[in-house]
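Sharing a structure with you now.
The chains carry the letters A, B, C, D, E and F, assigned in the order they are written, with residues numbered from 1 in each.
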C-alpha cells in the first residue's frame, strides 16, 4: 500500500477545468493530486523563420516560485527549458501541422504551462492539460472561421511511472503517477507520452542504479493503463468546454 | 453609469481566498473582477547584507504570459520591476521590521505576487492580497514558535482611482477601481496605498494632460472609501484562515 | 533652519547650462546644489513599432559609478529603469506627440540623463534639465527644416518635497528640494512633476509611517512654488541658447 | 543496405584516443564516423553546496560553431543544456559517489564534452568518450595519492538507435548508430545509455508519429548489441592509457 | 597644415581639472580638444580573490550615449572592455602594487573613466586623466592615515599618433594626438602609454595597409614628445590639487 | 638556453593541417608546441548592416574549458572579445574587401578560432591558422563559381616575442614565440602581426616595468624572422590543401 493509500496502478485524483483563464484563446487548469498547472494556448503572431510549410505548436513551461517548498527561483534554467521542449514535441504529435494553416497563412500556437503548485508529475500534467487547452484554442479558431477544421490527429496524454521501494525495503514495485514523496526515492523514473495506443516519447532514468527490460515492460504496462484513463478525462473536459 | 454597471464609487466584486497554495507558508488568491493574483509568502534563507538590524519584507511581481490578450512576454522588464518595488515598500509599511526577529535571528519574508489573469489593477490587488498572505505566514511562524508575535502595525490595502470620460464625452468623472477598459482611456490614473487612515504611497499620472488639486482630492476621497472596504474583506479572509 | 541654511520653501542654487555637449542635437547641464546631470537629446532612427501615429519621446537615466559615495555599480537595475520611465512620461507630457512628425515621417527623440554627481533629487533634475535639452533639439530640427514648428505644449519641471524632522525632533516640517542628507531621513518623500499649473505626475512614499491629506496639501503647495521658479530658470536657459 | 554501406546492426567506425589533451587531468577524443568529440575531465575546486555527502560528477556539453554545416551559433541554448544534464546523469551512474572522497574531502569532477565535428550521435559519443576521460582522471588521482581507489561501479556507454525508412519507402527498419542523414529522417529516435546489462537512461521520441512496444524491443536489442561493442572499445582505450 | 591648424607635433589644447567630482576620493576632468573624460578613483571594498599579495588598481571605461554623433549605445560591448583593460594595465604600471597596502590590509582602487564628449583619443585621455585622479586618491588615503605614503613609481600618460594623408593626397605624415576627423582616415593608428622615458604599452594598427619600421620610429618620436608635455600638465594639475 | 632547449630566435615546432574539419568551407588545425587551435571559415548569411560597399571578414575566438590547467570558464569575457577583434582586424588586412563580392552580392566570412589546448601564443596561432582556413574557404568559393578570384592581398601571420629573464637572473633577453612558462614571467610581451614586410598590428605590454626603443627593435627583428618562417609553413599547407 502506498503512503496516500493508492493501489500501484491507480492515478491520483485528476481533474481538468476547461476555460480557466477567460482571456486566453484556449485554457485549462489541470489538477493531479496537489499538482496544479494552468495551461493557456494562444496564437503567436508568426511561425518560426526556419519553417518551410505548415504551422507550428510550441510550449513554454514555468513554475511559480511559491509552487514548491522551499520556495523556488523564478528563472527555470536548464530543467525548465528541457521540460518545455518535451511539452512542445508532445503537443505537436497531436496535431497535423501541415493542416495548421488558416485563411491568412500558417498558424503558430504557443501553449504556456505554468505550475502553480508542484507535487511531482508537473511535466506530464502539463502535457495532459496542454492538450485540452490546445484543442479548445483550435476549436475557437474554427468557430472564428480562421481554420476550416481542428487538425487533431489523436489525443495525447502523459503520465509518470517508476520503480519504488515501498515501506523502506529493498524490493521495488512498479507504481503509477508518482507524487514528489515517491518520485524523490524512486530507483527508476519513467515519463511516458502516448497518442492512442502508440508511444510519442519515453524518458526513463535509473536514478539509483539501472533498470532491466522486464522492469521497463511492467512500467510501460502501467503507463498505458494510466493514459487510457487520462484520455477519458480529457474527453470529458472537452465535452464540458463545448457545452 | 459605467460599462460594467457599477456606480463611480463602487469596487469590483472582490474576494480573497486564504491558503490557496498549500505548500506556501502563507498564501491567498485575490480576485477583483476578472483580475486574479496568487500571493504566496515564504521565508527567505537570509536577510539582505546591507540590513543593519531587524527583519525584511520583499516582493516579486510577475504576470503569466496567458494572463493578458494578446499573450504577454514572460520577462517582466522595467514595468514588473517597478511594480514589485512598490509592492515591497507597501508590505513593509504594514510590518514593524524591528520586531521581525525570530528565535535564531532576523527574518526575511518574500511575497510572490503572480497575476494569473489581468484586467487592470494588478498592482493594487497584489498589495491587498499580499498583505493577507503575509499575515498568514507571520501567524504560522508564531504557531511554530519561531516568532513571539506577528509584528503587524496595521492592515495595508491599495486601490486604483482615475479620472475617466464616461460615454465618450469630454468631461471626466472620478471613478474607483478601474478595469482595463477604463484604465486604458483614463485621463488620470492614481494608485493609492493606505494603512488605516494614512497614505503609504500615492502614484498619480496624467496619462493625457495634467490634473488639478480638486481632481486629486476627489480621487483620494474615492480611494479612502475603497480601502476601507478592502480592509473589511482582508479581515474576513484572515478570520476564515484562522478557523 | 535647515542644515544648509535654506528656508523650508527655498530651492537649492539651481543652474541650467544649455549646449553643454557640443555633439548632441540638444543638451544641458543641470545643477541643483551638488547634484549635476548631463541631459542630451538626440533623434532615434525609428519610432517604436507599436506606435500607430505621431512621434515619440523616450528617456534613459543612468548614474556614473563615481557620482555617489560609496561608489555605485554601473548597472542601474530596477531603480534606474523606474526613473527613466518616469522621465520619459514627464517629457512626453510637454510635447504634442501628434505633431512630432517631420518631413520624412514621425520622429523619435531620446533624452539621456546621466548623473555625474548625486546629492538627492536626481530624477527631478533630470526632468527639469531634460526639458531644456529636448526643446533645444526640437528648435534645431526646426532650424534644419525637418520640423515646421517645435510641438511644445508647455514647459515641464519637477521637484522633490518631503516631511522631515528638523534638528532631530519628532515633529516634521514640509521642506522643498531635499538633498541626500534630508532625503535619507525624510518621513515622507514626494516627487512632483508639473506642467504649468497642473500636475503631470506625483509619486509620494511614506518612508517611515504614513502621511495625511493636510500634509500632502502642504507638500504640494511647496512643489508648486518650486516649479514656478524652475520654469523661470528653464526659460532663461533657453533664451541663452537662442542667443 | 544503408547509405554508408553498413548493416542495420553495425556501429560506425568508432575510436577513442585517450590523453588527447595533455593539460587535462583526464581526456579522450572520441570519433564515431565523422562525429568527433573532445572530452576532458578535471577537478572542480568544490562540490555543489546542496550536496550532503560524497562527491559529484557533472558535465558541460558544447558544440564548436564550425562543427556543423551551416555554421552553428556559439550559445548552446536549451538543447545544449538538456544534453549536458543527460551526460552528467549518465557519468554519475558509473561512479560510486559515496566513495568519491579524497584525502582532503569530497571531490567534484567536471567533464567537458566539446563537439568539434558533428554528424549525429554527439550526445551518445560524449557519454562514451566522457567515461574514458573520467576514468583516466580518477586513476591519475589515485596515482597522485588523492584517492585510494577509483570508485567506478561499471563502464557506461551510449548509442542511438532509430526506426528509419530505408530507400525512401514507407516501411521502417530498426537501425543502430544513426548519422545525421538517417537521424534527420528517422520516424523514431532512441538514445540508450547502458551500464553493463542494465539501462541507465532511455530517451525515445517519435519524430513523425508514434512507436509500438515491439518496435521499442527491436531498438533496445540493437542498442544492447552496440553498447557491448562500445564497452570493448572503451576497455581497449583505457588499456592504452595505462601503458 | 592640419584641419585644425596644428603643427604635426602639436597636442590639442589639453587641460586637467583636479577634484571635478566632490564625492569621489580622487577625481579629474580631462579635456583634449573636444574630448572630455570624467575620471574618478575610489576604494573598492576588497581586492580580487586571486591576488596573493599587495594591492590592486583596476579601471572601468564607458561612454555616455550622448558623447558621440550619432548617439551611441549604452552597453560598451567588446570595444569598451578592451579599453578598460588597457587603462587598468596602464595605471597599474604607475603604482608599486606591493606597497599599496593600508593599515588594515591590501587596498584596491577602481578608476572610472566616463567619456562625456568624444572626439578621438578617449582611451589615451582616460589614462592621462585617470593617473591624476589616482594620485589624488592615494594622497587623500595618506592624509587619512590609511596609507603611509603614496606608492607611485612614476607618472604615466598616453597619447595617440598616426600616419595620415593630409589634404587628401597619397603621402602620409606622422601626426600627434588625432581627433576623430584624422583618426577615421588614418592609415596607421598607434596608442602609446609611457612612464618616464620608457614605454608601458604600445598598440598600433594598420587600418588601411601596413606600416614600416621607419614609420613606427617617426610615430614613437612624436609620442615621446607629446607625453613629456602631458607629464607637465599632470604635474601642474596635481600642484593645484595640493593647494 | 631556454627551458625547452630552443635558441632565442627559434619558433616552436609549428604545423598547419588544412581541411581538419570536413564540414567547414575552409578549415585548419594549427599547432605551435602544445598550443593547438581549430580554425574554421564559413560564409555568414549577411554582411553587417553598417557596411556600405564590399564584403567583410570577422572572427570569433574561444577557448575550450579543458584547454588550460586549471580548467577555464566557458564564457570568454573581455579577454576573448579583445582577441577576436584583433584576429578579425588581422584577417581583414589580408583581404581586398572591395573585391569580396560574389555573384549575388557582397560576402561575409566568419572565422572561428577555437583553442583546444593552450600553452601561450593562442592569439597569434589563431591569426596564422585562420589565414589558411580563410584562403581555403575563398578558393572553394572560386571553385563553386561564387567568386571570380580569391581577393587575397598577401599572407598574414603573427607571432609573439618578449623580453624574458632567463635562468632567474635580472638581465632580460629577447625571445621568439613564448610558451606559457616564458610568457608568464616576461618583462615585456609583444604580439606582432605582419603582412609581407609590413606590420599590420603590434601590441606590446610592459608586464613588469617599461621597455625601451632598443628593446622594441630587438623584439621586432625576431618577429620579422619568425613571420617569414610562418609564411612558408602557411604556403606549404595551402599547397597540400590544393593537391
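A few remarks follow.
Keep in mind that, in the parts below, a residue touches a chain if its C-beta (ideal position, glycine included) is under 8 Å from a C-beta of that chain, and two chains touch if they have at least 3 such contacts.
Keep in mind it's a predicted model, so treat the numbers as computed, not measured.
Superposing the C-alpha atoms of chain D onto those of chain F requires a rotation of 180 degrees, given to the nearest 5.
Spacing of chain C relative to chain E, judged by their CA centroids, is 33 angstrom. Each chain gets one centre point, the mean of its Cα atoms, and the points for chain A and chain C are 51 Å apart. Between the CA-based centres of chain A and chain E the separation comes to 60 Å, rounded to the whole angstrom. Because contacts link each chain to exactly two others and close back on themselves, their graph is best described as a ring. Begin at chain D, move on to chain F, and keep following the contacts round; the order you get is D, F, E, C, B, A.
Partner chain C is touched in their complex by these residues of chain E: 21-24, 27, 34, 38, 40, 42, 44-45, 60, 62, 64-71, 74, 110, 112, 114, 116-119. Chain contact summary for the complex, chain F toward chain E: residues 77-79, 81-82, 84-85, 89, 93, 194-206, 209-213, 216-217, 220.
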